[in-house]
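Heads up, the next two complexes both have chain A, just with different partners, chain B and then chain C.
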Partner chain A sequence: LHTPVIQCIRTHRTNTWWDEHLTEDNASFLKKVVTEEYKQQTTDKLNPLKDEPWPRHEWVEGSRRVGLVAVKLGMMPVWTKSGERHVVTMLQVQDCHVVKHLSKEEYEGHTAALIVGGKNVSPFHRPEGYLEVFRNAGVPPKQKLTTFCVSDNAIIKPGTPLYAAHFRPGQYVDVTAKTIGKGFQGVMKRWGFKGQPASHGQTKTHRRPGSLGPGGDPAKVFKGKKMPGRMGNIYDTTHGLKVWRVNTKYNILYVNGSVPGHRNCLVKVRDSILPTRLENNKNPPFPTFFADGDEEIPEDLYDQDMFQFGEPMAE
Partner chain B sequence: MNECKCVAGLASSAAAACLSSAELRSHRSALFSKEQVRQRSLYPRTEKIEVMLQGPGLQGTLLVMNRGLSTPYSCTRHLTEWHVKSSALALVDGQPWHMHQPLIHSCDLTLLTFKDDDPQIANQAYWRSCAALLGHVLDEAFKDEFSVELLKLPEVPVTAGAFCCDLVLDSRLDSWTPTEVRTASSQTLLTFEERAAQSQNGTVSLYRCGDHVTVSGGPLVARTGLCSQYEVTSVHKVGECEWGVLRRAQGLSLPLNLTAHHNVWKMLRKRAERLVRNVFVCDNSVKQVKARHCRQKHCFNALVSF
Partner chain C sequence: MAAACTSRTRQMMGLLRILRNFSQNERLLSTSVLRHNVASDGPPKFTPPSKPVIIDKTQKEASLRRFLSPEFIPPRQRTNPVKFSIERKDMIQRRKVLNIPEFYAGSILAVTMTDPHVNGNMNRFIGICIQRSGKGLGATFILRNVVDGQGVEICYELYSPRMRKIEVLKLEKRLDDNLMYLRDALPEYSTFNFDMQPVHYEITGDVPVNLLKVKMRPKPWSKRWERPKFNIKGIHFDLCLTPEMMEHAQKWAEPWRPYDMLKEYDTSSLEEHIFKEVQENLRK
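Presenting the complex of A and B:
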């Protein structure tokens, strides 16, 4: 048997880091130029009305609109008017832009899609192909790109900025993010097995899975049997989270409960698909909230049930 | 005389309009080879000269070379492979000297690379060689029936942002504008050979690269393999002259050990697309450019002066 000979082509390593052949003042000049360019691009896109926006339609029952990409900041407590305490996660929307539009035919044949990008990032550590999409949209390069399936009346022109006021208090959202990686974990932590008692004669068996299946009849272990393995670092969604408060000055969403991911990770936020929560998601800002519109919204928007400090308490 | 004829033959290409470009090029190349053979025959007996090497790590090395035959390139061959690959230009008694030009008398030799403390001379020579290459590329770019006449390679400082080449195209191409300006990647390692041809006005240096012969104002860089990124950025119409519409083609290039990140390259390229006016080394005269462009000029200025 001849083992296949792996051919290696020895080449010189030609790519280097961007700083390598530049002097210090060159590097700082380039960084400044890049930030100025980003600011210029963002201000150019601030008035969607000016550069031929796409037609805006009204919200119809059954239409799906875009979501946002946000940064998970942390958690804090919130009280209702009846005195109950809940915890909320703060998600900040930093530099969210619509980057590309894929029509029904391009995407999969059923719905159109919009690709949205999150936080701005420097162009020096990204490959050329990645930066091309952003150059076509006229938008600074982003750290995370997500696709949202969208109905045809909710499409937005690439380059429009998206703000936190896209969601209003009282709505329910689904949040998707990459969970914290726990590494190789045993069956009790990974799948929530009960394990075995700590004492009363147990020999070397306290956290093991125990039996693996029925016995002689199948005489095998079924596929998909829950066993120890690598846990975390996968995308997971938490459904049906209520939005308690929206801060329009800093673009922060206060979302009920906890959200997958570590602090400062990028999450995907969209309208909830749970059938029991569809009532609350009626008449949202459609297709999105535009900052140059006529409506003036206050800096903070609170949910009706939320207790705001300084109000009289109902005994 | 033989020399005058050859110079006249190379300069008056307007008279040879009936020949196609490929024939012209082979004719010029044949003339160059003849001249090369003639100059070699000026030293029938090999005489020895002493070459003293100067430079970091090489002080006081004495090499015994042949008069009229050995070039600074052959001196580097006696040293290490790194010297051969990295030296772009040589300084003979303080004068810039092409790597493949033969040494005539005993002298001091310094080898220049792009990464020295003061690479101004090497950079300027690199710029000149890129302009010559641009001429070569444009010569070959058009089909044989259209005649391309390269007028001159203006001496542009590196800080201007792009090297340029003035040319006159065939009158049939008057309305031609470049739709797509693509990169010209010269992958083959062609050597620039040089011979000083004697003419009535003094010495004129000719350089040959592959099949193409150019006249240049100063020494060129050793070989084309030294440029890593090379792009022809734009072609502008500058004016009219007695032969036709005068155009200026511009390009941008960086040497092999100074490859730029794709972002940095894009910014430099955007700058190289703008028309370069005949501005010479005096920096004060460039104040007519707007503030933003001035900063970009400094960018490249510092990029080159390591």
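Presenting the complex of A and C:
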């Protein structure tokens, strides 16, 4: 009877990059092959009707549907028909695909989940385990993956593409993204403290936090005291942003106000959870907008109140 | 029969020859007659033949002034060019409805806006354009005028839906792009009559440059206009500042600026592309 012997496994750490041991021809060939493969995969997934699509249900009150991953392009002014000016952020949906479905038991929650991926990215600089998920779904690898908690009637088959027409003008939306990193910042910028006056005898104290709390009774500083530290580069959500316009040709959403993150950063867009905005989000394209060719959507969808530039001059 | 034909043809030929001789003789006669008449007056005056007038219809478009509004040129940023192209589409759509003419800082404009607080709903303002700022749809321009002794500046958005009409009363350029110093100049340089009539300007050739040097009110001014960072050429500094003050202002000069490569932004190729695109789309 042999006792199990654990042998130590010697591993080689290889710190090479994909290009190092390849000739130039091989590298360019691989790049070409990869781009063609991506194109093939996206065109395969364009018609979800071809391979056993999952059943599509109708929208019911209280059901939650998927969101999108978009790229923040920039900002633009927008005018209403009465002449008021609002500012709008442009979010472009680039190659958004559903990558995985986790049922209630797998997700360890009370709801099922769908993992959605954003912008296409090259497979050469990602680890194998990361690329495996995309290979199973038959989808090119993505830069950002997010999970959306979804009700059971809004499940979508992994591999379906998601478009900007998933959201319609007049809806309200929550946008989550990583805020711009500001580095180590003082208490006035980070927490909005008032600081001290500039003159009238202040000795070396103009931007300091001042007192740290009550005196001898607790004799300590409470946990969570607002102090200087690293600011930004964390995920933050802006709630209740109105969608003014949807461009179906370039897949661009025009979302009211400002959105966290720098230009060209990836952003998670979702139906709003604010209770006062639930009325505006009724009867959306459920479970998502399918570009099968059933409905013909115009190139630009505008909100009722928005002034369209090609309109003849009215009041 | 054949003999008869040939004899007839011979007769015809003979007649033709006589006619030809006749015509030649006539010509000879005519010239000789002329000479005979003119010889009595004097040597004939040489009248040059009329030159053929070539109407170059193709040249008309080429000689038109190529003007691209400055808000079309995208700023130097790390944004996706898709965003600028979509904004340009919107701008072109708006331009098809509202005619936005060519103008510069220093030209006199009349702007009609809708205003809910006015009886007739329209609000007309005339002024000199001090500055044009903003890129894309948020492009603005400021008009300045002095009304009843009070200086008034209004900032208008070019693509706002409230704009009804923009007329150029006088098209001209000044020595600077930014005429904010008119706030500290004597009010006569900013007063323009509301009943001013449009002055005719040409579509071809260069824009007329007004080399006016403005006289200023006594110091203090809202900004230190003598400093080289503003680079103002349109103020008559000799009347208000001493040479010592001018030299003192040169302390803030930054002579390395024109050699700073990171601040270079060459827009010539961009301008050409965008100009062609805009012209094509406006014609559609």
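Following the convention adopted for this analysis, the second predicted complex is superposed on the first by the 295 of 315 C-alpha atoms of A that agree within 3 Å, B and C clash if a C-alpha of one lies under 4 Å from a C-alpha of the other, contacts with A are read in each partner's own complex, and residues count from 1 in each chain.
Everything below uses one rule, namely that contacts are C-beta pairs under 8 Å (C-beta built on N, C-alpha and C of every residue); 3 or more make two chains touch, one makes a residue touch a chain.
As the structure is a computational prediction, the values presented were derived from the model and not from experiment.
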Let me test your reading of the model: by the given contact rule, A:K282 touches which partner, first (chain B), second (chain C), both or neither? neither
So in the superposed three-chain picture, is A:R10 touching just chain B, just chain C, both, or none of them (first/second/both/neither)? neither
Using the touch definition from the top, say if A:G74 reaches chain B (first), chain C (second), both or neither. second
According to the stated criteria, A:L30 is in contact with first (chain B), second (chain C), both, or neither; which is it? first
Contacts for A:F124 in the overlay, against chain B (first) and chain C (second): which applies, first, second, both or neither? first
Partner chain in contact with A:L22 - chain B first, chain C second, else both or neither: first
On the A-aligned overlay, A:Y250 touches which partner chain: chain B = first, chain C = second, or both, or neither? second
Larger contact residue set on chain A - chain B or chain C: C
Common interface residues of chain A - those touching chain B in one complex and chain C in the other: none
Can you list the residues on chain A that touch chain B in the complex? 14-18, 21-23, 25-26, 29-30, 33, 123-124, 128, 131
State the interface residues of chain A toward chain C in the complex, per the touch definition above. 71, 73-74, 76-77, 79, 81, 83, 85, 90, 92, 247, 250, 252, 263-264, 307, 309-313, 315
Quick one: in the complex, what on chain B touches chain A? 228, 257-264, 267, 295, 298-299, 302-303, 306
In their shared complex, chain A is touched by residues of chain C numbered 77-80, 82-83, 86-87, 90-91, 93-94, 96-98, 114, 121, 136-138, 157, 159-162, 164
